[in-house]
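Letters are used for the chains, namely A, B and C, taken in the order the chains are written, and counting of residues starts over at 1 for each.
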Amino acid sequence: MERQPILSAKDIEITFSMRGKYLKPIRKCSLDLYEGETLAIVGESGSGKSVFTKSFIGMLDNNGSITGGSIMFEGVDIAKYTKESDWLKIRGKKIAMVFQDPMTSLNPLKIIGEQIREVIELHQGIKGEESKQMAIEMLEKVGITDAANRYNQYPHQFSGGMRQRVVIAIAAACFPKILICDEPTTALDVTIQAQILDLIRNLQKEMGMTVIYITHDLGVVANVADRVAVMYAGEIVEVGNAEEIFYDARHPYTWALLSSLPQLGVKGEPLSTIEGTPPNLYQEIKGDAFAPRNTHALRIDFIENPPYFEVTPTHKAKTWLLDPRAPKYEAPHAIQKLRDKMKK
Amino acid sequence: MLKYTVKRLLQSLVTVLIIVIAVFLLMRLMPLEGYFGDEFQKLTPEMINRKLDSLGLLDPPLVQLFNFLGNIVRGNLGVSTRLQIDVPVTTIMMQKMPVSAAFGICSTLLSLVFGIAMGVTQARNKGKFADSLGTAYIIFINSVPPLVYYFFIQVFVSKWFNLPMRYSLENPVSWILPLVSLSLGGIAGYALWIRRYMVDELNKDYIKLARAKGLPYKNIMYKHVLRNAFVPMAQYLPVSFLMTIGGSLLVEELYAIPGMGNLLVQATTKQDNNLVQILILVYSTVGILGVFLGDVLMILIDPRITLDTKGGSR
Amino acid sequence: MEENKKLTDQELFSFVEFDHDQAERTGYSEYSYWRSVLRTFSKNKFAMALVIIMLCLIVFAFFANSTARFPIDEIHRTDKLLSPDATYWFGTDTLGRDMWARSWYGTTISLKVAGVVTFVCVIVGVIVGCIWGYVRATDRFFTELYNIVANIPETIYLILLTYIMEKGFWTIVLAMCLTGWLAMARNVRNLVFMIRDREYNLASRCLGTPLPRMISKNLIPYLVSVVILRMALMIPNVISQEVTLSYLGLGLPATTPSLGKLLSEGRTKFQDFPYLLVFPSLIVSIITVSFYLAGNAFSDASDPKNHV
């Protein structure tokens, strides 16, 4: 069954100019987003996850720009937008974003009720008492008790978890089609994390939103994701259903990520890590970016960047190991252990 | 809150007291000849002593101090001994203060209005011509000695617009040039501050979220950033307004405005001790009061500040 | 790709041994703070031009002063109030004194005063400010001291000092230093306050770092760029102050033609003899504007956010 994606990014390239030099944090990234799903973008710091999604709402820093590719959303290639007025039609209204740090995301000198209300007034044109009521309802929906009174309080009177709820309320207030959550729980403690994830899940169901999670925490991914995209050095190296990625990962980087989960560690033995560091994006990368750190590297990995190889119609990976010419290989021990563990 | 106010007021009182005493003692170090002017050479020692005695300067300093403080407590602020002999100090001040205060308050208001407008315009047009123009203005005002541009305004601008070069109470047109001169510095100051503040705030996270919410740029500038800008600024407003009672030395001199501007300098050079002391008393009281009011204003306006977070001076 | 053709498929698809060094070849960007500061500063062509102009002007001032044809107080009774001409390049004043010599002499005086005062105030201000901001126990004391000294007008110091020391260069310098260090100290104190409890300082304290080392290694580097900015801004301020004081007749002796004195002398005759005012004003303005601009450009350049 062919579903049409509601957002389709093809071969996106993003370039930043830094101190006179150019760097490409995103090199030909493609991603499809289907309605109603929860997609998780996983990768280490510096892989380009945030930059990629920021380009969907035109919030790249001033020294960055989309230098290639297209983003089809609602029939329009929004990658070609240059004017602020174009982006204003999308931001908050069709695509909303939740940022990582709830402590600094809110205006410290404005009551939080007003910060929700202005979004409602702006995008839905509802003013006055009615918009205030809607804001209070939104607060209740995200689980803030005594919403009518807390409407008048300032951010510093809320705890971190509650502030994140407020930020989610702001993002969801106008029923956007897509909600992008950029590491929404990283700055919170584990107990609050679960609450926030539940909250987003419930809102998603209720409002029919599509959610993109950006995270480096595979635990979160296992919790919420329908589909997973793995990013490395500005490219999506593997994408598939959550089960496929966890049970049947094909790309060496995904193997390495999964292997390094502490849950897979054996007491007394050193934990598995990925040696080395991500590549220098100032320079053109020849071949597969992960090759130097890849314990399963083929010679061709250093010469040519692999294309996508399909494993199933929903699962593809960018690795020469899937090429029919590649030699037989065994998935690492840890991966096999993972499959066993997860089956339990 | 009451406890805080009382505590601060008492602290302020002590500070003012120390200042007044310091000045009092410093004035007693001044050369004796200074009390007499040019005829000093011709006076005999008895005449000198008599004069000094009448000024109360022959008593031991501490006695003088007690007398002085005692008088103040009783409300007797004394008379001027050199500038306007035997005229009560309060009379002198009441003659001159209203003019200085009027000019001061008006020019401060002008500075605020135009300065903020300019700063906002600059922030909105950052990097463009309007910004550069504003910056050029700020640079000019901040670096060139005020005397220089006051001169040029008085001589040239008055010629171009046919404005009077001397102040007179009856002729409102003559108020324009002094007012403008007085406001220039303030405009530069506020513009610079607002511009810098707005540019800094625009980099903050909550502004990023506001943008992601879909708020238009203008909306963010005014309803979020500019509104927030007033809070730290409020702290300095009371002092700015209150200290205008001191008048402006240069402007008042250039336009012959009978204000407080040169009173202190004259009194000091002529060693009119009483006048100097009372002036210092008034100025420092007002200054410290202004700081206190500024702090109170901050507590009232900034929701993040409570009484226990306040402390120290800025 | 030709390279591929040289290798067979079998060779291409053979496993390569893992090279640990290759893995560590990291992404990095060469960043030296001071080099970036210099780079950003020199990109600002306008500021650089002004700095050069200013330096030339200053050097010229001292040069002109020592090579002036006429002494500054020599009266040429027959040549009063002459407009600039071949002999008197800046004209003469009401007493027939050469404006060229007087202007440049005044400039050097103002510069010297500004230089010394700024230097002293910066040193004293920074040291006091660091202690004030860092050692909590001293805060009350210094704050009170600040309140008191700030409220005693400079004129009192000036007059007292003049009495004790006679009018002269060092009198005015001392008086300005007495009041000048305050502003710098308070600035530094505010800065130190801000960074005092940042994590890296907390860490140092926990490790038992002694106070002098804390100040020199943790605080001062952070302060350097701000202090240099304030220094650059202080020079125009001091010159302005000196101009005002001289204009009022305080400070330097009546015979010394500082820029302020020249301005006050030129003021009365300004309408008919504009050159009396124009030259001193121009010189002062160029110097002060250049210092101010250079200071601001430097401050912008030393902000790491601008090193993009």
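Quick notes on this structure:
To be clear about the criterion, a contact is a pair of C-beta atoms (placed from the backbone, for glycine too) under 8 Å apart; a residue touches a chain by one contact, two chains touch by 3 or more.
Given the structure is predicted, the values throughout are model-derived calculations rather than measurements.
Averaging the CA coordinates per chain and comparing them to the mean over all protein CA atoms picks out C as nearest.
Distance from chain B peaks, on a Cα-centroid basis, for A. Averaging C-alpha coordinates per chain places the centre of chain B 25 Å away from that of chain C. Between chain A and chain C, the centres computed from C-alpha atoms are 49 Å apart.
In this assembly, the C-alpha centroid of chain A lies 55 Å from the C-alpha centroid of chain B. Residues 17-19, 21, 46, 63, 275-282, 292-304, 320, 323, 325-327, 329 of chain A are the ones that touch chain C when the two sit in their complex. Residue ranges of chain B in contact with chain A, taken from their complex: 204-206, 208-217, 219, 223-224, 227-228, 231, 302-304.
Contact residues on chain A toward chain B in their complex (touch as defined above): 57, 59, 84, 88, 90-93, 96-97, 99, 101, 104-110, 118-119, 122-123, 154, 156, 167, 170-171.
Touching chain B in their complex are the following residues of chain C: 139, 143-144, 146-148, 151-153, 155-156, 159-160, 163, 186, 190, 193, 233, 236, 239-240, 243-244, 247-248, 250, 260, 263, 267, 270-271, 277, 281, 284-285, 288-289, 291-293, 296, 305.
Within the complex formed with chain C, the residues of chain B that make contact are 15, 18-19, 22-23, 26-27, 29-31, 34, 139-140, 142-148, 151-152, 155, 203, 249-250, 264-265, 268-269, 276, 280, 283-284, 287-288, 312-314.
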